[in-house]
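Each chain carries a letter (A, B, C and D) given by its place in the written order, and its residues are counted from 1.
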């Protein structure tokens, strides 16, 4: 970290600042230039927030040299992390498709969709039991009953399951869930992240609607700092001024996250677009940009879905898409097994 | 709610849709135009999500006529709600300033700042015990110990206190806290909102970094739907492309929220600007735009604050600002008592 | 267009409004619902702005049924437009790569880069002579001299050339230019668009930094309304809150624009990313999402480029990328000839 | 400007970079730290773009110490600039209201509105003759005929007039116009700015929809670099994700611009809100935040206005607002004469 002092910074206050930094364990390398003096800090600067230093009257600016994340940092761990979910691998050349309905509605629905997407080649089943909805009057998911139906579908098909958690106290209900999803609205629910960091669950961490990639990686770091390194990142569209689709898929997030970190990066084209017909081009673009997987909403009766119908594919549409995706994944040198 | 059917919509599917809507208790008024047919729904449409209806193949578009919120709606409750916090009123012409440090650090710090801001005319004390920080390696607040220090400052000065909650399970620690703050990152932590809805605590609900005003009011509705109508809304800056200040204060949010809802609306100029010198003009603008109160960060030693130093005012600066604000509040016809 | 009247709208004012609309040539279909009355307008509603109607006291809301664009509208012209640039086709299955330096600097530079990119398989040469720069003190391009150098490179290599125009009066200098580029900052320079509409030049129209797709298509409509239908649209990244790359490439713009309009859509990954190493994944994603072409910055000495060095590829890097892109274009069923 | 070299930067390439910088006239102060070397440049760094330097392989990062603007810089010119428009002063404690219709429609309309706003206390008349409209099929203004009507209203009332220019070639029509407005869409129409820089017209420069304050000041610098220092800046709302009002008024822009520059800063609450009833609270907030003036749309028949009706006030509404604004301007210590 480099601290740029103001021109004519008060000497006494500068000495106080340097003393404080040394007491935090930093070695200080000072460089006096023509009009500015710079303090280079040597030590673990992840504990410092540039903003806090800027409050100091003698400081003109602060610049990080090292990233504020450690365990998620590609520099500390150059090889891709491969996350193993009941034998299904993701990352490091392994590509996975997670598919299923937005919400679990009935036993028939979830089991039927599970068989459908399995037959089309998806290896993981998604389905929401606890649903974050903008309105308190909207369907909130079947909650615990939904979870049970999902686990029945798991038993029936043998597919590992992915479902969303909304609050720490629910974790004890997630014993048999294979991948715990943290939704966009909870990306900075730090108590939830800390608790997941102490568990051994694989976590699928979705980017918040208006969170930077730095913030996303810092949230992964919350989980990893607790000891749990099974984290998958998910880009699902960000909020912009554009109104013709629900969110703007940030396709650049894929290569940038893969440069910043060694964690697998997947894409959710269904939530990004919010429109069924757009899932296909976005899914294809995600593979081409280097994604390690996709999460796609499939519903056996999208028109009557209790949530997210407009973006859900039919099993037939999904089956046809999967044929193309398998070819494309192969073209780009990854395996989907 | 008006449902606009597609031209040449399939008759059978249209009949199915109408049947489904009637089974949900809606009366349907159909209008056939030249090229489009419209279904007007009569009934409580707050249970419907336009997006879910759009999934239906025969639907071209859906338009809400009634707002999706009820208890928070100004139309249902034309007079301003006045929230009473231990005798300090906010809303309906009553203006309050909430002041104090970002984080509680020591007994001396919080008590000293409390006396300072009280002497300058603030009637409520703020201080963070549980701090949401982007990095797991940053200071996370004194947590329960901080809460105890805040309550000591309350006892010493007699000021009601405001502090942030981060997760439902912490509520039992907040017994003596007067106003429970829900921070920007938790605005859509629906489990937390539901639990607060069942409590009797006054809730200060901050707008999320990239949440629309509709979403903010819907989050208030989550609390109110549970039976708790003591909600104060807080605009604290939104995330935009502009980089010269931390966030962009959405000053229009004040008149717009006051039109949408009867709840008190306050402004946090400290977090909006992220820069100390900008707190003054933003605070003044907020009063002029019709805010019912302000939340301002004050620290006895901003340069060494453990968080948010750059935006914290000194007690002297705050005292001088309060002199101006009192005059301005009076000029705009409100009382600050 | 559907006009939704307010409940209890004044009858006399409603009659006045209807009279005014009829005098503009519209037929009105009225539907009276339970609590709202709707006026459906039949006629060419492109001359109406919904905002202007909303000003009327009796109007609650206005909803377009038909798009406000005609000549660019895919509905009016279902087949893809194929633009022919000196025999090089773009659109309708024909894919083109436009490559070259950001700015033309010297005769050697532009000619050398032209031969390089031609040998790698690019069929069109780009190079800026008039440069829009944020600062008046930055290099503004070689202007007319640059144009001459570009035309010499055209003569030497036989490649059609693309270069940016900044103001209507410069058009007379562009006689031998094959494709006139309208940059992001001039997307709503309507006088420029009108003038280009009266010319016969192929226009490459870039999306503004914060313009919606609707606005982009309306700007294309300005050109087409004047009689010039040779328009190519270009997505080049939008301005968002994300700071780790220069702009956010809106990959969804490709399928959405192709649904809205019949015009060819290309992508500029160099300006979107602003970082050399990110051009490759974005270019690949663009092809997968259905783009009809790419515009890529290539410089023979990026480190000493007078502008946009960080995002320019070397000729070697570009050559290697082109090998991949050719395979991918073929994989996705397009031709690049 | 400080250039931070990469760790282990190639020595030969570093020497080349230093040679190039010296050849551009910079003195270089080198500081070698523990792990990084910094080059401090002494000289006029406004000619350098940090991005261009970052392209160099040995450079890790670049940081400006001096702002890239000179003539507009408050540091070079600490006192407020007072712009004099036919004896009406703006800036330095002088506050002005510019009022009038969005578009000039008829002689009666513009003259009637002119007298109305003059009688209410506005000293400058606005009215659009050349209108930038998103659609080529919308009313484009009366153009030259509108300009004539505006000048007749000027003659009749004695009010100085403000009107928008859309392209350089129109400047010769603006001889008798007192203030030439550059609209949001043309904020970076650099050819237009350069031409205005060579004229002696007072320029009202509006911030672009998604332009940063740095970019706005750089556009002012384009005009001032040409020799014309009569520039007034105008904040008119920015594009964000919020949909309940047309644009988001960036109230912080007022204090920030006044810190960056010595130029007068005014606010256009009509375009920011896009809704008539919101003009009042935004106008009041702007004064409280330190604005030097306001630009407000007033129309004698807003419901039938040919453009921007929804946000135009009636003359009666404006008259009532002006009574409040006069009091407020006085309260905040400015004069409106």
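Convention: contacts are C-beta pairs under 8 Å (C-beta built on N, C-alpha and C of every residue); 3 or more make two chains touch, one makes a residue touch a chain.
Owing to the predicted nature of the structure, the values given are computational and were not obtained by experimental measurement.
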item: Interface composition of copies subunit A and subunit B: same or different, split at half; value: same
item: Distance-maximising chain from subunit D - centres being C-alpha averages; value: A
item: B-C against A-C, pair bridged by the larger set of C-beta contacts; value: A-C
item: Cα-centroid distance, subunit B relative to subunit C, in whole angstrom; value: 40
item: Whole-Å gap separating subunit A and subunit B, where each centre is the average of the chain's CA atoms; value: 26
item: Separation of mean Cα positions, subunit C and subunit A [Å, integer]; value: 32
item: Touching two or more other chains - residues of subunit B; value: 210, 239-241, 243
item: Interfacial residue positions of subunit B with respect to subunit C in the complex; value: 2, 4, 27, 29, 31-36, 38, 40, 42, 60-61, 63, 65, 210, 239-241, 243
item: Subunit C partner contacts - residues on subunit A that touch it in the complex; value: 210, 212-214, 238, 240-245, 248-256, 259-260, 272-273, 277-278, 281-282, 284-290, 327-328, 331
item: Residues of subunit B that touch subunit A when the two form their complex; value: 13, 20, 46-47, 49, 51-52, 54-57, 68-69, 132-138, 166-170, 185-186, 188-192, 194, 209-210, 215, 218, 221-222, 225-226, 239, 274, 302-310, 312
